[in-house]
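Two complexes, one shared chain (chain A), two partners (chain B, chain C).
Coming up: the complex of A and B.
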């Protein structure tokens, strides 16, 4: 095991970087999509139950199946994993963003309006900062989940540590099979924990002291 | 660049003799019908709110008083009719810009929890793109005005303030951009009675200094009597039941509705019309923070007093001790561990009586502008006053 890691550490690091990079970029994209959708949903109350239903049903679609369905549409490589990870990552953030944005008291928003804030200013300076801790909580859940989803990207020859897991599974009984599978799995877990720590820090730094719990 | 038209000589506006900074508000045949409702919430209201005065809107719930208030800053738009501020139709400007020139204070202060006290107060000046330095200076002035020490409170968050302090910041925020008109929607509804009374006193002394036009919605008739230069009593559909001074409403109610609303204890409510500064204030010997306790007690005893009143460097009362208590102190401290009973000179005699009941000294301290000590009102002075007024106006 030690020999295996010593031998391959450069490759492991590179794949770890790819893995994190895929997740971070997809989650960022997902955050923007989710907040935009959440704004729409909070403006039009009828959409709310639809949004909740989609985020609940969406998460039940097996990621392997979604990737498989994407291949005939967009081919193999990096694109299908990005689409799949972004899709799954959007759902928890959307759910939390809707809760967070609609949780801002209407009295407070009316007061903001009465003071002369336009709708964009109200969103940027009141609604978003107040919903931020809840949105960040969704983002953290989303990131954890995406680390796992990204591992399956290797199935369509995408980047990341998933390749190790698939290699290990394909060679069961072979010399390095267990090493591949273990390094891939633990790698994903360790990266997920590290990334979560970073997000926790970001969440604290970007949340106003006045609403921190 | 003023666009002064004929008949309006410009110098008069800046004349130093008129300290009124408020503007007149006129409602002309204003109707508001909410969609899907057959009866209008506000039915043909015409009304003039004079510049620089406090007008209290009061009436049973659902009478349209809040709707009427919110039409002034266009949170609600009238279905028909016009509203003018200082002669200018409020629809001549963009609603958002209009709102930046009208102070808005609602129940509980409604501060933004994620912003500090300073950020909350600086909001409207910021929207108006004031210079950063001017904003900082303005925040400092306003905190002083509402009686909060800027160095201590500027960087606090709303959750670190008491209800009364939050409401004070709310008032400061409403006044931030120096608007001619201040709208208040049940501003003191969410605080305890003693704090409410303090806040009302403070609002009155602020108003004395600033002379804004203040429109204030309340459901508390005592508050309306105390604060209002005029009271607008509305019945359902925002029909004007009576629009008059508190004295007139109490002594000459227009009809049965007004009489019922004002309540049967209205002769006692006359106590709410007399202010503490109409009473004779006693001028006791006072001590300063840092004085030797026993010396202060001796001086007070020599003057025939039973207690020692301590003022700070800005003559604000900070302690009120019995002779025995004072003697036991080596130095008179900056802060007292117990509440001292203080009322503003504009407080009503009703308020003063309330505070006396809570005080252990049989009296209450009276303060003036910016909490400066003026004297002491005793229970005897109050009873004396009641006797003399009831003798002069037999009823």
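Coming up: the complex of A and C.
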């Protein structure tokens, strides 16, 4: 095991980097999409139930099935994992962003209006900062989930540590099968925990001082 | 931060609002019927080659679906009889102090990729259905455990005290007050586990444990998009129907007056 890791150190680091990079970029994209959708939902309250339904149905679709549907459309390689990870990552953030943004007290928004803020300024300086801790909580859930989805995406030749898990599976009975599977699985778990710690820190630092606990 | 936002930021228990639940209860079967109907029409009219026709024969698909559902149900049963008692135990007496640690661990464990778990256990225990059930059960265990603990902790302690004051024994309080009040959260956890398991059961085929994932691997290996997409569509429909069944159970088992 130690020999295996020492031997493959470069490759493990590179794949870890790919894995985190795929997840971080997809989650960033997902955050933008989710906040934009959530703003739409808070403007038009009738869409709220529809948004909840879409996120419930979306999270039910198994990742292997979604990848299966994507391959004929966009081929194999990096694109299907990016689309799949972004798709799943959007849903928890959307759910939390709707709760967070619509949870902002209307009296606060009205006083902001009274202070002469336009609707964009109100969103940027009052509504978004108030909802931020809840949105960040959704983002953390999304990131944890995305680490697992990204591992599965290796099945369609996506990048990252999932490749090690599938190599382990393909070589079962061989000398290195266990090493590959262990490094792949625990690598993802360790990266997920590290990423979550970073996000917790980011969440603390980006939460406006007045509402920190 | 207000109490309401803190609730959301610590754990999302997955309990849906009433309107969404009702719409999903009606909408999901309709959606599935439309998708399945569309697929059946394609299946009947498509010009399939030998390999496709064999893989997509009605008998084969029904058998794979049966395997998939049986795998899901057995796993869920294993999860229920282990995770709910464990959750109850972790909210009793001196075990209570471990519950924070366990929910934290359960949240972190959610990041473990299920495919890695399946492969690791298969190396250890061999390629068979038992290995698949065990790894899927470990995966589904965490949400049920977490929601059981959270649900029981949410019960208003004054109600528990009132029940004790009325002369109920600890077991009676658990059975007649705490569990009924925690039911919406526990059932949301059970539904989450069902959905996770039915999705992850698609990987069972990687260790020869059957299920609809076979259509996906065959489709990719033989480069037949018709098989691949059929597999994906049927797995998605089965998952949606399992989710729907979970919602029906949730509504039936949640006592009136708790929502």
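The criterion applied here is as follows: the second predicted complex is superposed on the first by the 213 of 213 C-alpha atoms of A that agree within 3 Å, B and C clash if a C-alpha of one lies under 4 Å from a C-alpha of the other, contacts with A are read in each partner's own complex, and residues count from 1 in each chain.
To be clear about the criterion, a residue touches a chain if its C-beta (ideal position, glycine included) is under 8 Å from a C-beta of that chain, and two chains touch if they have at least 3 such contacts.
Not measured: the values here are computed from a predicted model.
After overlaying the two complexes on the shared chain, residue contacts for A:74 are found with neither chain B nor chain C.
In the superposed model, A:169 lies in contact with chain C only, and not with chain B. Legend: residue contacts after superposition of the two complexes on their common chain; A:211 is shown touching both chain B and chain C. When the two structures are aligned on the shared chain, A:118 is found in touch with chain B, with no touch to chain C. By the touch criterion defined above, A:151 reaches chain C but does not reach chain B. Contacts of A:110 after superposition: chain B is touched, whereas chain C is not reached. Within the superposed three-chain model, A:178 lies in touch with chain C and out of touch with chain B [touch as defined at top]. Comparing chain B with chain C, more residues of chain A are touched by C. Within chain A, the residues touched by chain B in the first complex and by chain C in the second are 211. The touching residues of chain A, when paired with chain C in their complex, are 49, 52-53, 56-57, 59-69, 71-72, 92, 95-96, 99-100, 103, 133-134, 136-138, 141, 144-145, 147-148, 151-152, 155-156, 162, 165-166, 168-169, 172, 177-178, 181-182, 184-186, 188-189, 192-193, 196, 211-213.
Residues of chain A touching chain B in their complex: 107-108, 110-118, 121, 125-126, 129-130, 208-211. Of all the residues in chain C, the ones that touch chain A in their complex are 1, 4-6, 8-10, 12, 16-17, 19-20, 23-24, 27-28, 31, 107-108, 110-117, 119-120, 122-123, 127, 195, 198-200, 202-203, 206-207, 213, 216, 219-220, 225, 228-229, 231-233, 235-236, 239-240, 243. Against chain A, in their complex, chain B makes its touches with residues 70, 73, 75, 96-101, 104, 106, 110, 112-116, 123-124, 127, 157-159, 173, 183.
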